[in-house]
Every structure is written in C-alpha cells, then in structure tokens.
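In what follows, chain A forms one complex with chain B and a second complex with chain C.
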Partner chain A sequence: MESERKKRKLLTLAALLISGGLLLLFTFIFDSYQLRIVNLCGIYITLGLSLNLIYGFTGLFSLGHAGFMAVGAYTTALLTMPPQLKEMNFFLEPIVPWLANTEWSFLPALLMGGTLAAVVGFLIGAPVLKLKDDYLAIATLGFAEIIRIVFTNTQNITNGPLGLKGLPPYTTIWWSWGIAFVSILFMVYLFKGSYGRAFIAIREDEVAAETMGINLFRHKILSFTIGSFMAGVGGGLLAHLMGTIDPLMFRFMLTFNILLVVVLGGMGSISGSVIAAIVITVLMEYLRFLDGPMNFGLFKTNGIPGMRMVIFSIMLMFVILFFQRGLMGNRELSWDFLFRKKKTLNDAVEGD
Partner chain B sequence: MYILRTDNITMKFGGLVAVSNFNLEIKQNEIVGLIGPNGAGKTTAFNMITGQYTPTQGSIYFKNEDITNYRPYEVTRLGIARTFQNIKLFKQMTVLENVLVGNHLRLMSPLLLSVLRTPRYRREEKHMIEKSMNLLKDLGLDDVIHEKAYSLPYGKQRRLEIARALATNPNILLLDEPAAGMNPQESIELMHFIHDIRDRFDLTIFLIEHTMQVVMGVCERIYVLDHGITIAEGNPEHIQNNPKVIEAYLGVN
Partner chain C sequence: MSFEIFLQHFSNALSLGSLYALIAIGYTMVYGILRLINFAHGDIFMLGAYFAFYALTTFLMPWWVGFIVAIGLTAVIGMSIEKVAYKPLRDSPKVSVLISAIGVSFLIESLGVVVFGGIQKAFPIPDIFGQVVVLGNISIVSVNFFIPVIAFFCLVFLMYLVNFTKTGMAMRALSKDHETARLMAIDVDRIISYTFGLGSLLAAVGGIMWGMKYPQLYPLMGLMPGLKCFIAAVVGGIGNITGAVIGGLVIGFIEIMTVAFMPSLSGYRDAFAFILLIIILLVKPSGLMGENLTEKV
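Right, the complex of A and B next:
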C-alpha cells in the first residue's frame, strides 16, 4: 500500500517534470505565433477550471464569466502600465489622478485583479444566487453586460471604447502555465476534501444538501467568489498576452468559449477541462487553413471566411452525439489504470 | 419534558389550509407515527418541522428552543435529521461520500486549510472517514462503500438515506415513508431496523407511514391527520378502534 502511494507520487512528479520540460522545449523551438497558442492553452485551463468550479461542480449555471475577466484584465492592466504609457493611451480624457502614477509589478497586479473580480463576484452573487438554472444564467449574463457597459463609459478610468493599448507583454509560458498548474492543484485538493464534496452535493440535490446541514448560501457564494477570482486572474493574464484590451473583447462570445471548454471536457471533471482547453485552443488556430483558398481537384474555392467555424461546429456536434456528458464525463484521469484493484477500507482512510 | 413540541402550527398555501392547528408532543426516545390518507398534510407537517416551510401560524420547539423560523441547515445542526418520501441521494457520489457529506456540518477547518491539507484538517477528515465507515458497517452497507449511490438497489438506497441522516448526529430522526415500495418481508425487517437504530443511536423517531403493519408494529404513539386536521391521537390499539380514523380511511356509507 505504502509503495503504491509512493509510486503514484513519483509518477505525478514525473508527469509534472515532463510537462515542464516540454514547455521549456517549446520556448526554444516554437516561433512567437506558436508560443502564443501555448500561452492561450494555459490561460484557458485556468479559465475553464474556474467556470467548471461554478457550473460543473457546484451546479450554478453562470454566464457572467466575461464580466469577471474584464474586471481582472482592466485592473491588472491599469496597475502595471507605466505612467507615460497611460498618458499616451488616455488622450481623449486624462486618467484619474490616483491611477496615473501607479506601476505595480505583475504578480501583485494579477492578485489584485483576481481580488477585485472576486469582490464583484461576491456582490453580484449575493443577490442572484437564490435563483436557479436558466434564471441564474440570465441574471449573471445581464450583470456581465452591465460591467462591460460601465467599462465602456468610464472614460477616465478604463479609457472607454478606445481600450488600453501597448500593455507590457508580461505573460510568458511560465506565468500562464504556472498559474494553470496552481489552479489544477487547487481544484484537485479542493475536491479531495470536505468542501468539494459539499459543493458537489449542492449540485446533486440542493434540498437534500441543505437538509444535511450545509449552509447553501455560504457554500454557493464561496464557490462563486473563488471562481470569479480565478476568472479575474485569467483575464489579467489574457490582457498581458494580447497587449490590447477593449470592452468589446469581453462580450458573451468569450463566456461561450469557456463554457465550451467546460461542457466539452465534461462537467465536473478537472482533467476534462484541461484536455478540452488545450484541444479547443489548438483546433481554433490550426483549422484556420479552412478559411483560406482550397483546391479539391475538381473545383477550387478562393477562401470562405468562417469556414473553420463550420467545421468546428460539425466536430462539436459529433462530440456531443457520441459523448453526451463531454469527453471525460465526471471522471478524472489518474494512475488507477496502472494499479487496478479493489479499493479497501485502508485506502479510503489514508487517501492517496 | 418534550424533545419536540409544536404549538398549533398551521400551514396555508393561498386559500388551501394544508395543516391546521397541529399540536405535537414527542418525548425523548419515543417512536411516534404520523398517518393519514393521501393529501392529509403529513409531509407538510414534516417540512414545517425541518424548516423547509415556515408555518403561517404557531411555533415549533426543539428542546425548548423556538425553531419556527430556522432554515433547514440550522435545524439539522441542532439535531433534527430527516429522510424524504422520494429518495434524495447525491446520485453521482459514492456511498461513502454521501455519508461524508452528512459530516460536513461539524467541520471546523475553513476552506483554505482543507485545500492545504493542514494537520488539523487531516485529523478532522480522518475522524470523519472512520466515523462514516463505522456507521456504514453498522447499517450493513459496508460491502458497497465505493459504489455510486444511483447503482444501489432500492432497499439499500433507503438505508443509505438513513445512514446519511444519522451522520449528522441527530437526536431525533424524521422518516418520511421509510417502507414505501417494500414487500412485506422487507417491511418486517425495517421494523426491526427502526427499533434497532433507536436503541443503538439513542434516538427519538417520528415517522410517516402508510403500511399499517409497520405503523402498528413499531410506533408507540400515533397521530392521525385528515385534510390537515388532527382527528385522533393515541396508542396503536386506540387508533385502530377509533371510529373517526376508520371513517377517514374506509369512508362511511
């Protein structure tokens, strides 16, 4: 038993080292375009997990993710931009004085972005988490739009529809994937513990969960706030990868992309979200050739813009047809396939 | 000294009076039944006691504490656990996890410590798992601990629901039709089981049941509801011979 646990630990460590090595290799052999995709994969893992925590694990159908990302992205960007860059950006109306001279380093700015997103998540969640299913979705969607409209109109804080340009490119592979790994670890340990079980219980049956003594409101808002925090951090990373942000970036389509990661990967599966985040991000880029001119031998097309989305949607339909609960369902990848045998009482007590 | 007492509780849904002036008095370690024809308001009475509904009038006292306006989770924390008429398990979770959820309300560590798995949290979790394992063994579910709840046969699902309720360390257990869907043999086993858990966990039991064999066999006192009104109260023999009860169940010509 002891040796098996040790083996599992070694295998996990090896997997981590191999992925770290791969990332290091990527920084040498990939060009900047490919590196950007690798970065996006890491960010989408964090974002996918954050929505999976809220929707897949706790069962709160929230469509407000783009709003929380916007809060995180703008906060991080405004805190890290050097003063002269701010002056260049805010040419229509000068920036408010208390923001004009702040220049934080990346990590505290990211954490601040996450924290503010969490505060906004808490303030939105407190009144609307009483709602269920579709009603909750509509309410959160509305709030996300409100955030976006507010950002469009607060010219002297967010620079309005002009957006922020020339953000320092802080997001590297180590940042995006480092935070992705932290998010994965956080989720794994959260759902090994009692709070994770309480979240899943709420998803499975609210009435029964409350009868088990679980304070529904407290647990729902916990899950929602943590998810918003992760979304805010993800937004900050995305801002410093893109280099430019404006309110239009945080429309419903962005929430939809993350929802796609959650549903395709499997609601309530951490490994599912990780796999889906990578697959979707890579496919979205590499199916681009479909938009270009194609030669079918018999006839030629001279490029149909949007063709890749058609193919992508068809692929999506196939996945949904054949894997109704997403690629992973609610299962997880583990080393179990190497040590296949009946679990015993001991296992459960010690955990693995 | 009553462990659970209600004082003229009434529940109205718009113009419909589901339960009216219901007075309940249960002593420590009693097994009390609540019967009545369909739609008599039995489950509504349960829902008021456990906080799912707030009574339109009247008050509920548990160990002399007024719990009328408490939320369901607060009621459970005080020591009132219940099961449901239509089984409400956490279907995608394993048998062990279902029972562990019942332990969550006594957890002291905050969320962050559970993620960091500090020694204090590990101790709590270990204690939780050992307690749940013993409970499952006591209830004869130890052969299915790692099965998903939905995959259990019906009888075991009922028993798991009771196990999960017991995990919250209740003083009083409310069972909503525990014998529903059971054959006569299983019903007899259930009677023994109810007596057994009462003695082993030092419980008071309040149950709704339609199977007369179970009600008369296990309950020490019975309340009869009809259209929300308490039409009789007393020991099983008294109830069986009460003309009003016979009328409510069989009708008159």
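Right, the complex of A and C next:
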C-alpha cells in the first residue's frame, strides 16, 4: 500500500509537470487569441470550482456569482490602475481621493479583491443562507443585481456605466493556471478533511448532518465565503484579461455560464468542473464560426449574429434533459484505473 | 408636489402595478402546482409582445385580431415549453428543473436575438391606446387607463375559472397534493398544461400592454420584468393569486412613487424590488398573504 501511495504521488506530480510543460509550450506556439482562450480556461476552472463548492458540494443553490465576481474585478482593477489611467477613465466625475493614487501590484490586489468579495459573501450569506433551494437562488440573484445596480450608480468609485478601460494586462497563463492549480489542490485537500465531509453531509441531508453535530450555519457560511473569495479572485483575473470591465458584464448571463460548468461537469466533482470548464470555453470559441457567413452548398447565409448562443443553449438543454448528472456525476478522475486490478488481486489473497 | 402631478404618477404606478400583477399570476400559479420558478415566464412575456408586433406590422391584422392571435400563440408556446422542458423532469430533484427552466429562458432569449434581431423595435400602438387624454391640468396616455381595466377583467375571469369551474377545482387540488389528485381521477398532466397555458396567456396580455406603455421591444426585455414579477409573487405569498396581484401593485407603486418623491434615487429604480424581496424573505418568508391557504392554486 505504501508503495502505491508513493506511486500515486509521483503520477500526480508527473501530471502537474506535463500540464506545466504543455502550458509553456502553448506560450510559444499559440498566437495571442489562442492564448486568451487558454487563459479563459484557467479562469473558468477557478470560477467553476468556486460555484461547485457552494452548490455542488454544499448544496446551496446560489445564483449570485456574478455579483461576487464584480466585487473582485472592480477591487482588483481599481487597485492596480496607475493614477494617470484613472484620471483618463474618470472624465465625467473625478474618482474619490482615497482611491486616486493607489497603485498596487497584481497579487495583493487580487487577494484584496478576493477578500472583499468574501466579506460581501459573508454579509449576504449570513441572512439568506437559512433559505432553501429556489428561495435561496432568487435571493442571491437579487443581491447580485443589487451589487450591479450599486456599481452602475456610484460614478465616483466605479465610473458607473462607463466602466473601466485599458486595465494593465497582468493576467498571463501563469497567473490564470497557477491560481487554477492552487484552487484544485485546495479543493482536493478540503474534501479529504472534516470540513469538506461536513459540507457533503449538509448537501445530502441537513437534518441528519445536524444530528451528527455539524453546525449547519457555520459550515454553510464558511462554504459560501470561501466560494465568494474564489469568485472574487476569478473576477479579478478576468478583468485583467479582458482589459475592460463595466457593470453590464456582470449580468445573470455570467452566472449562468459558470452554472453550466458545474452542471455539465457534474455536481460535486472537482475533475468534472475542470474538464467542463475547458470544454465549454473552447467550444464557445469554436462555435464562433456559426455567427459568421456559412456556405451549405445549396444556399449561403451571410452571418446570423447570435446563432452560436442558440446552438449552445440547445446543447445545454440536451444535457439537462438526457444527462442530468453531467460528464462525471459525482465521481472523480483518479489513478484508480491503474491500480484497480492489482488491488482486487490483493484483496482476494487477503480474503483467502 | 402638486395634486395633479401626484395623480399622474398615481395612474402611472397603477398601470405598471397591474402589468406586474398580470405576469406575477403566471409565476404564482406554476409555483403553486409544480413548486417551480418558471424562469422562462419573463421570456414568454417578451414573445407575446413580439407576436403582437409581427401580427400588426407584417401581417397587417386589425389590432384586436392581432392581439388575440398573439395571445393564443403565446399560450401554445407556454404549454409546449412545459411539455418539452419540464415534464420529462417531473420526478427529478427540484434544482434540476430549475436549471432546465433557466436553460429554456436562455434558449428563448438567444433565439429571440436570431429571429427578431437584436435591434430595438418600435411597437405600433393602435390609435385607441395612444391618445393623450387631458383632464384639467393632467394629461394621461389612454393606455394607462386601459391597463388597469383590462387587468381587472382578466383577474375576474381568472378568479371565476379557479374558484367556480371543474378545471379550477382540479388546479386547486393539484396545488395541495399530486398523488391524491390523481387518485380523484384528475388528469394531472392536462391540468398542469392548462396552468401553463393560462399563465402564458396572462403574460402575453401583459407583454402586449407593456409594449404599448413602453414601446421599445428587444429580446431581453422580459428579463427584468420577469424577475420583478417573481418577486411580486413571493412578496404576496407564492401560490396565492390575490397575493400576486397585491405584490405586483406594491412593487409598481414603490418603484414609481420612490422615484417621483426622491428623483435622486432614480438610478436605483431596479434595485427596489430586490431590496423588498430580501426584507420580505427575512421578515415574513411566507409573503403578505401567506397564511391564506384556501385560495392556493
């Protein structure tokens, strides 16, 4: 058994190295457009995992993710923007003095964005987490909308509907995927420990979990706050990848995209979320040809904008109706398939 | 604020509130029976407005024929959505159906962008609804009179249907207990289908009148009213028709009156409904009319 564990560790390490090598390779062979997609994949992994933690593992159906992302994105952006850039952006109404001259480097700004998102998540979660299912969904959706509306109206802090333009492009593959790997490792270790188990217990049956001595409120709020933190960090990364943010970006549609990752990947599966994040991001870009002119041989279309989203939502409906458990269900990818045969043999010997 | 201006705001709030009420009824009826937030309801509302637009502009129908055709079509679409997207999931966890509903809403919106085009369209207002009526110092567009009246008649019709017909009785039975209702020889699927049809019909009426009150149509126009009307249903006590009407009126009045009395808050107009929702959920989650279980549909 000891050697098996060691082997698994080695295999994991090898897989990490190989993905790192692949990413390094991508930076050389891909053009900036393709690199952007690779970046998006990494960010969507973090975001998908954050919602999976809240919804897939703890069973709290929250639709407020876009709100937390907005908090993270705006915080990070405002902290990293150089003063001259702020002056250029805030031409309608000058920025509040205490923000005018801050210029942080990327990592502390990202962490600050995540922290503020977590604080907002905590403040929202404390009152609404006693609600269930659809009520929770609509309450969190409401909060996300309120955040967006507040951001639209606070002209001297967020620049209102004009948004922030020309953000420094800090998000590189190493940032987006580095944070994605940290998130994956964090999730794996979380669900090996007692907290992760408690989250799953709450998802399965709240009453039973409470009877076993799990403090429902504390665990729910913990899961919600951690999820918001990750969403905030993801939002910050996204902001510095896009270069431009405005309140309209953080509408319900964005939450929906992340929900897709969780549902397609399988609720409560870390590897499912990772695979789904990559598949969805790449597919979204690949299907872009649907919006352009097409030649069907017999007839030609001269580009139908929006066709991509139609095909995409039909595919989604198909998955929801026929593959309800998503790609992975709640299973995980692991090295078991390499060891399974040997294990059963050993078991058989021991059984004898 | 002079009395005349107040009256003007009042009629505006009353017509907006009635529209909210009409749409909220659809949410509350579906929730009462299936315990499902029909996320696509706001998009059905949008379809109603667009169908009326095409009936009047492309097919050049007289306005009343066009409106009836649009309402009928929307009801059929509402029923088909239930058949395709919700019925196969009847035994699945609640959240799966909710996700399916979100998916349908997304699909209708993106189809709307493709079929109707993303550019705003101007709704052709029939003369009778577009006149400006001058009463002393106040001038009100006639559609603001018609909306509450039409909404009232719809409501009377609905109340009659729910309380005094066999179908209505079956709906009320379903909202209590599906199994028992089935044992009483109620065709559950058919009644659910009727409920969706009825809700979509009211949403179409709401959509057409919305198009005459705010004459720009765009594929995402159902999003915000849809959310607000769901909130109206929750505020009034979900599953309760009278509650939905009260909730709709409350939200309509809060929105118009707050902006009227405090113009500096006009940017936050869309947030009021959500703030109200959160207060209600925390203070009285069953809604204003929550205890009144006898009228549950």
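Operating definition for what follows: the second predicted complex is superposed on the first by the 335 of 352 C-alpha atoms of A that agree within 3 Å, B and C clash if a C-alpha of one lies under 4 Å from a C-alpha of the other, contacts with A are read in each partner's own complex, and residues count from 1 in each chain.
Basically, a residue touches a chain if its C-beta (ideal position, glycine included) is under 8 Å from a C-beta of that chain, and two chains touch if they have at least 3 such contacts.
Bear in mind the structure is a predicted one, so any value in this text is a computation, not a measurement.
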item	value
Combined model on chain A: chain C and chain B, fit or clash	fit
Touched partner set for A:Ala100, first chain B, second chain C, both or neither	neither
Partner chain(s) touched by A:Ala209 [first = chain B, second = chain C, both, neither]	first
Where the C-alpha centre of chain A sits as vertex, the angle toward chain B and chain C in the overlay (nearest 10 degrees)	80
Touched partner set for A:Val310, first chain B, second chain C, both or neither	second
First, second, both or neither for A:Gly193, with chain B first and chain C second	first
Contacts of A:Leu283 with chain B and chain C, given as first, second, both or neither	neither
Partner chain in contact with A:Asn153 - chain B first, chain C second, else both or neither	second
Closest Cα approach, chain C to chain B, once both complexes are overlaid on chain A (Å)	12
Contact residues common to both interfaces of chain A (with chain B and with chain C)	none
Interfacial residue positions of chain C with respect to chain A in the complex	35-37, 85, 88-89, 92, 94-96, 98-100, 102-104, 106-107, 110-111, 113-114, 118, 223, 227, 230-231, 234, 267-268, 270-271, 274-275, 277-278, 281-282, 285
Chain A-facing residues of chain B, complex	50, 52, 71-73, 76-77, 81-82, 84, 88-93, 96-97, 100-105, 107, 111, 114-117, 121, 124-126, 128-130, 133, 145-146, 164-165, 167-168
Chain C partner contacts - residues on chain A that touch it in the complex	61, 127-128, 131, 133-135, 137-139, 141-143, 145-146, 149-150, 152-153, 252-253, 256, 259, 263, 304-307, 309-310, 312-314, 316-317, 320-321, 324
Residues of chain A defined as touching chain B within the complex	186, 189-190, 192-195, 197-198, 200-201, 204-205, 207-216, 222, 268, 330, 343, 345, 348-349, 351
